[in-house]
Every structure is written in structure tokens, then in C-alpha cells.
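Multiple structures are listed underneath, in C-alpha cells.
The two complexes that follow have chain A in common; it is paired with chain B in the first and with chain C in the second.
Let's look at the complex of A and B:
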């Protein structure tokens, strides 16, 4: 059975309404298909009853309710796992965690009471403190400090990492869509040096313990707290490899050009604050080789930006300090904000490219149809007309990291939420 | 050797898939999600003003600014049916569902322009549904002075006889707003 149909029949019925709802089902996906395909779905058969589709629709709307369909009241809650699992061998327990989909299928540190208690000593917050309540279909379930500690242990973190992971937990779980949604996590402030997060050579690569375990903790936390299980309620068609570590790195604040503020300071925090910032997006395009004098680096970045969705004007440009220096000295960008403004004014794409994106269709078209500008006007343009879709320079973030080895950079569509102060979770 | 491990993280094994994210419940104390007009301010006059840190703007100020500068985007936070029935003329609709995490609306909220004054309003007496949207806009990086909640919401706007639109309005009322 198609996964989404399965979801509708089980989860929606059991947990959204408490009673069975009547469904008819066509194959998935239907967006972006040739018109004949969608017409074929309607003139074809219902996947569930094998009746002609419109007969099934009429039946579902007109047949008297069964006793089961007359059930009222709150849906029954799913039974929950016990706080402690029965004792077993380490191998068996690891196999159990894999079997239940509780980890990322890499080797985990088993969350024994002793290890979890040690992790909890990394914060002044009480184990039963509720960080947030995850509102999943079956009801609201609290995410406590202790639950985050369990994930932190599983990921291989140490107690000194725990305040960072707790701050991250306020942003959990990570995105879950049908396309390849992912996250980017940026560490700023004194904690970066204190815990030796990597902001130098290979800042975004697998060469640093803090980057590795904190990024992984967000994955495990998101999967377990959000109960994301493949093919049941997590169904990104392709998925995203970024979700193994969530692109976690620190900003190289020491190497920022004069006048360029760290990300957290741009967001209103003091330089002495330690902050973790989480972004959400899909796309990352890497530069290849060094920047060339022939074509200014910010022009090439601008060109690459035409491939981004521009949903919410969101973009995050991650660059080596050498690129930041070049942009400041050779091209006159005295602040990050000036560069963001330049991108907003100069990045273009065709109207067809813009409206051809599924997220834009679902998010922006309703606003355009209600008359919101500039979208209403853009809707009337021919496909080959050029538009400037990054209308909000505040949504274009610049982050400097890396080892000053090469003038390389990434253009991404990650939209950054306001950072979370780590010091509040110490 | 046998070990005993905590499975507490797994307390709660159900998830809803939304297009954007698994959701988290907002702060308690929100009004009902949709439907007809919500309780009048008189009925809840003793209530504490929710989200007092969210700046309010009066209907008079908004109406004046629309006339003089025209750089205002009004956002109705009711559900689409209620919005369709009656809303401030020119407003767009972004639904605030108090039973869901406000971040579910992030993709849409981020589409709002950053260079205009954005005014959220609800059909509720003390901006119970519009104020959380203002706060979420701050989290998304919008300047604090560019996002406000309409004091008194739709009710106050209507009391002042300012322009409305919607299928439930008598034609004469709609024309008044033209």
C-alpha cells in the first residue's frame, strides 16, 4: 500500500479524529504530472475499493455511518515506552535501538542511567523540566531535559556539550517534508573556542568531535522526539544526507574582516554571548576551485543564487575568510549587511523558474491570488521575464568559516531563525 | 554483561507530517482556532493582556498610514472560511492555528515583505492570535519596528467603519470600503 495512503488510514484515523474517516486514494505524486495522468486518476479506480473513482467518492459521501464511524471524543493515546528497558546485553540493546528506529544506524553509546545522570550534570536545569511540547498527531508530548540527555549520550556527547544540545533541542525536531529538507547549525560566541568546535580547516567536514557529536545529537533527538520513522511518517522521497550531521560548524569570528559582525551579533546578541542558530533549507551549491579575478566572486555567487527557490528570500552564503577579505578589500563590502543588500538588488531568475518551484506554488501563490505585491504582478509575467526574488535582504545571511586555504564558498537556501542563547541552558 | 538503558526519549511515538515540520504546541491560553466571532472584549475585560511585549498599533493609525504612505501589509490570522466571510479590505490571510506550532506557518510568513509595515490582526479581543504571529516574525529576523498587532483586531476596525471585504457583508458595506 502506498505509504501516504497508509498514513491516512492509520494515523489520521486513529489520532486526529478518534474515528475512521472515509478515504478514496489516487496514486502519488499528482503534482507536476501531465494533465492526462491526473485525469486518468479521476477517471480510473479508487486504490482502496477498486471501484470507479467517482462511484467511490459518491459512496463515501452518501452511505450511512457505521457504528464505528459514530465514535466521538478524544482519540485514544498510543501506549508509550517504559522509562527503562529490561536489562540485556549491549549487542542486543543496540540491535533493539536499530530495530525500533531510535538511532541513526551508526554505533550508539547506550544511554544507561549512570551515563544519563552524568550528562545531566552538564546543566543546572532539572531532568523533568519541559523544554517544549512536541505536538504530534496523537497528542502533545513533553520533551524534557532528561530525554535530551538520553539523545546526547547516544550521540557520544560529553556533559560540557549538553547546554549546546539543550539549546538545540528548543528547535527540535528537524524538518520533515516530502522533498529533501535539511538543517544548518551555526555555533557562535565563546563556547566555540571553549568546546573546540571547528571553524577552521575542514569546518564542515568530519574532522572534529564537537561538530560531530552535537550535530548528530540533533539528528537522534529529532528522530526520537519527533518519532520520525521511514515510510510511516517520514517520507522524504530522496531524503537528505545533511540530516546525519545537520551541517554543524562554528563561525570563524577571529577571521572576520573589520566591520563584519558575527552572525549572533547581527541578530542582536552580545559578542560575549554563546549562541546556536538553526537554519532550514534544501539546497547547497559549492564553488569549485578558487575565485578568479576575471569574474568577481560575488557575481558568481549571485548567479548561483538563481538556482535557489528564493522562498521567503532565504539564502545563507557560507564563505572562507579569504573570500570575506576579498569582498571587503577588493569589492568594497564594508559590512555583511551591504553584501546582503547587494544580493537582494542583483540576484535574478526568470518568473518561470520562480513559479515552477513546488514550495513557491504552495506558499506564495495563495498570497499572490490575494493581491499581495510583488507576487500578484509577478504572476502576470511571461515565463522568460526576469524578476528579483530575494526581496528581503535581512533573510540573506552571510557566515564566515574555514581555514583560509582556498577562496571557496557555498551558496545555500537555508533560512535562519533567530539564534538561541546557549548560556541560558548551562 | 547485561546493561539497563533509558528509553525515556521515546515516550510518545506518534508523529504528524506537515509540509514543513513536525509541530510543537504553542504557549497555552490561546483562543479557539476558528469559527465565528470570538468573545467580545467586554466579556474578557479582566483578562491580562497576552504578549504585552508585542507592540500594538491602533486602527486609526493603520488607516491613516494606508492613506498617506500605502506601505502597510495587513494579515488576517483567522481560518480561510472566516477570512472569506469578512476581513479588512486588502488583507491577506495567514491562518494561526493555536493547536499547532506557529513555525508551521514559517514558509508563508517569510514571504511577507521586509520593507513594509506588517500588521497582524485577529477576530479576538486582545490580539490572542495575532500577537504570536508577530513574535514569530521576530524569530524569522524581521525588524521589530516593522511588525505589529492591530489593537482590538477586526472588531475595532469594524466599529470605526473602516473598509471591509468578504462574502458575508451586505453589498452596501462592501461598497463603503471601495
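Let's look at the complex of A and C:
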């Protein structure tokens, strides 16, 4: 059974719980079905044993333990990954990297020791320093500086990119879910110019080496350090093309309107700090064509925001400098914070739209059931009642990038984490 | 019509159709490791993978002889919302009552959804001396 139940029975058991839990399985999808369908599963069959469901449940609760189920303590076996792979031809090694799912199936630089050592000269940190232990989906894998250097080489990065990639590694692995989760990486500070990250025309497109290789390095190290493998422990139903590069771009700090601070300064860093910020989300809506006086740009953004889940009140609006300029001069938003506050006060959706989302159901309903406001009150509203779901303006981020060619922007549901100082990884 | 004029009307540059000898050449080889693609030379590269630490094994709790007169907790993790699991657990409860004497069931929705362990639920399980626990439903 090559599905998520198999994942629970194998990967999770081996690396996370250590318990051979007894499972029964119903057909998917389970939620969003009429009540009679879910009730019918109880009188149906267990997909794992093919026996009647309740017989399988009773067996799980009453059948004596097997010797395997009585084992306790340290596992007898051990997972081993040698530092160097056995010598082989380049073709065979490339096939091995593909087979193990270590890259993105595009052309990689094979990480010879010589190239990895050269990459390591891009930082003062020791190769065996553990950046973090990654236990997402289990496994407790220690991510060292050397392992990050291997991924950086594979992605085609240069040693001068390495401090940025190490800062990114503190945020690895990238977000992944069963829906199409994606990630956004924003570069701020002097490093953007020093390494020529693109914050101008085509900032978010495939037109710049630093944007390309650093974004790709985050993918590769997320896959290797996260041990993310399709159908093993990576379970996005549709996946996301954004995961190839993680929407990496630099903020166009030179083009910010007066009074609008760069993202990292909003987070409390100095303008002279170089910072990388990672966001995670699912939804991105692009504007088309130029802004119109008939329908002010922030009104259109607000209306697009009604399509977002508003989970955690998160939104990130990425806009061209011309849009930021319009918002400041024509509409009076003197700071990014004023604009975020306006979105928080004005973006609305119906209660039905809000609650009719699986993430909100999974994350917010438990809060509502505890009586936490405003969720408890919102849950009592009729479906057509309007609510303002972006309750926290500080979770609505504004980033300015682009080449002043068109008054375009993206509205996204990406939630930005606190940025990481790149200078600490030089 | 003159071929050049016809292509111009179609918006195609004659130069693009004509092409250049360079287009017929193989593309430059991308940067490689320390050997060449197709080469039989064997090279050594570093391993990007990190060994997974195996979780310490934990034995399952002893099973019950039967479910008569037992207290069974059903924990609703609210995967994609609590409704579906509540329907499922409701039907399970009905079935258990029809087939076992004195069986009791308690359905609890966890306060932390599927992402955490709700201490109040664990406390209730302990204080009620529950005989068995069913956890779900995940999807």
C-alpha cells in the first residue's frame, strides 16, 4: 500500500514513534463527505486487513501482542551514511543521486571533496558544527556545516554565497504539507548588492545567478537534510513548482518610498545587517495589467486577500516599487505598517468561507472549542456573516521588489518567520 | 511572393529561419565533477544524505481480553476539522454498545488538534482509568 498509511506503518514507526501502533484504514477522502459516508465506513471494511472495520478495531484492542510489539529500548540496527560515496563513474553517480532523490533532477555539480572544501572556505564556521538537528518526520538528523556545503556545491553556488545558504539552513527543511505548500525567501541588506541578487526587473524570474543558485540550494538541502522523498515521506498531492527555487528574490531597498522600511528593519535589524527571511504558504495570486484609478490598488489587493485562508492572520504582499509609490503618494500610506493595518481592518470574508477550509478546521476549530476569541464567536455566526479574519496586522508583510516596468503585485498567504542574520554565518 | 517578404508578413525574421552554423554544434558541456560525462573514470564524491537516527522501541500496552464493561476513550485529532471523526466515533460507539455488555465510550476533541498532545486529555484518560484508547482520524 503506497500511501500515507504505509508511511505511518514504516517511516514514522521506525524514526519517530518507535511503536508498532495498530492501525485501521478508511478510504480517502475522509473529511468533507456527507455524514452517511463517514458513518458507512464503520460498517465497511478495513483497508489494511480487508476484514469488517469493527472486527479490525476490536482485534487491534484485544489481540495479544506479538513478540515484535513487545520490543523496548535501543534499536538493534543502525542507519549509516558514509561521508564519502564509493568511487564510481560520473554517469553512475548521477544515476545514484537521482535514485536516492537527493537533488531536483536538474543538472548538479557532483560534490567532490575538493569542491566542498572550496565551498567551506566561504565561512569561518567549522565543517562539523551542527547547525540544527532536524526531526521533522522523525530521524533526528544532525545538519552540519559540511552537509550544507555539499548541497551548496550541488546547486552550483559559489563560496561567497555560502553564508547566505548557511543562514537559510537554519530554516531547513522547507515547508511541506499534503497541500501544495511552498516557500518564499527574501534577501535584505548590503549582501543583496554585494552578491548581485536581483531586486529589479524579473526579480522573481529565472534571470539571475545568485537568485537561482541560492534558491536551489535551499531546495536541495531541504530534500537531503529533510530526507524528503516522494512517496516515502513527502506527500504533497499536487506538489508545487515553487519548490524548485522557493521564490527567492531581494527587496528593492533603494526604491522604497520614503518612510517605508525594508523587511529586515521592520523585524528589528539594522539597515546595515544582511538578513535572509523565509516564509511558508500555499496561495499566490498575481495581478494583471496596470493599476486603475477606478479601483484603487489597495482595494483590489484587499479583495484578493479574501481568497486567502487567513490562517495565523498571515499574508505577504509583494509589490513593484511603482505600486508602493502609488500607495504612498496617491493613497497616503506613509509606512508599510499603516498599509498592513488597513488590510487588517478592511479585508473581509464570510464566516462560511473562513470555516470552509481544511487548515482553519484543523488549526482554528480546536481554539474555538476552547472558547478562544474571536474564533468561538465566529463559529456561531451564520455562513453569510462577514468577518475580518486578518486580526494581526503584524502578520501582514509588505515586500517591495521589481523593475518599475508595470504596476503589478502578488497577494500571497505566506507567513514570514523572523529573518536570520547572514553576517553571523560569514 | 518573395520568401523574405512572406516571412516578414508572418512576423518571422528570415535570419531566424536561416539559422547559423553554430546552432548545429553540440551545446557546451555543463560543468562536471572531476571526470567527464560518459567517462569510465571513477571519481569519489561526498554523500549529501544524513543518517536517520532510529527511534528507541516502545512496546505496546497489553491488550484487553474483551471489551465487555470496558471504558474506551476515542480521541478526535480534528484532522481537517472535528466533524468527520465525530460521525465515525458516534457510529463506532453505537456498534460497540450493540456487541458488548457494559462498554462505555468517551469522545474527546483535543485542544491542540493534530499538532500537539493535549495534557487535559491525557489527564482525563489517566483519572478515568480508561481501559483502551483509539486515536484518529487522520487523512
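Basically, the second predicted complex is superposed on the first by the 410 of 426 C-alpha atoms of A that agree within 3 Å, B and C clash if a C-alpha of one lies under 4 Å from a C-alpha of the other, contacts with A are read in each partner's own complex, and residues count from 1 in each chain.
Just so we're on the same page, a contact is a pair of C-beta atoms (placed from the backbone, for glycine too) under 8 Å apart; a residue touches a chain by one contact, two chains touch by 3 or more.
Fair warning: this is a prediction, and the values are worked out from it, not measured in the lab.
Give one word, clash or fit, describing how chain B and chain C relate on chain A after superposing.
clash
Once the structures are superposed on A, label A:147 by its partner contacts, choosing first (chain B), second (chain C), both or neither.
In the superposition, A:147 contacts both chain B and chain C.
Contacts for A:215 in the overlay, against chain B (first) and chain C (second): which applies, first, second, both or neither?
So A:215 meets neither chain B nor chain C here.
Is A:30 in contact with chain B, with chain C, with both, or with neither (first, second, both, neither)?
A:30: touches chain C, not chain B.
Return first, second, both or neither, reflecting whether A:107 touches chain B, chain C, both chains, or no partner chain.
A:107: touches chain C, not chain B.
Figure out whether A:394 sits in contact with chain B (first) or chain C (second), or with both, or with neither.
first
On the A-aligned overlay, A:370 touches which partner chain: chain B = first, chain C = second, or both, or neither?
both
Would you sort A:173 into first (chain B), second (chain C), both or neither based on which partner it touches?
Only chain B is touched by A:173; chain C is not.
Applying the touch criterion given at the start, work out whether A:132 contacts chain B, chain C, both or neither, answering first, second, both or neither.
The answer is first: A:132 touches chain B but not chain C.
Could you say whether A:83 touches chain B, chain C, both of them, or neither, answering first, second, both or neither?
A:83 contacts both chain B and chain C.
After fitting the two complexes on their shared chain A, where does chain B collide with chain C, if the options are 76-84, 112-120 or 148-156?
It is 76-84.
Touching chain B in one complex and chain C in the other: list those residues of chain A.
Shared contact residues on chain A: 15-16, 78, 80-90, 93, 100, 102, 110-113, 116, 134, 138-141, 146-147, 150-151, 224-225, 227, 362-363, 366-367, 370.
Which residues of chain B touch chain A in the complex?
Residue positions touching the partner: 1-25, 73, 90, 92-93, 99-101, 106-115, 138-143.
In their shared complex, at which residues does chain A touch chain B?
Going by the criterion above, the answer is residues 7, 11, 15-16, 78, 80-90, 93, 100, 102, 110-113, 116, 132-141, 144, 146-148, 150-151, 173-178, 181, 221, 224-229, 233-235, 267, 280, 311-314, 359, 362-364, 366-367, 370-373, 375, 391-395, 415-418.
Can you check the complex and tell me which residues of chain C touch chain A?
Within the complex, chain C contacts chain A at residues 30-60, 62-67, 72, 78-84, 87-88, 90-92, 95-96, 99, 109-115, 132, 134, 137-139.
Across the complex, what residues on chain A touch chain C?
The touching residues are 4, 8, 13-22, 26, 28-33, 35, 38-39, 41-43, 54, 57-58, 61-65, 69-75, 77-91, 93, 97, 100, 102, 107, 109-116, 134, 138-143, 146-147, 150-151, 154, 156, 220, 224-225, 227, 358, 361-363, 365-367, 369-370.
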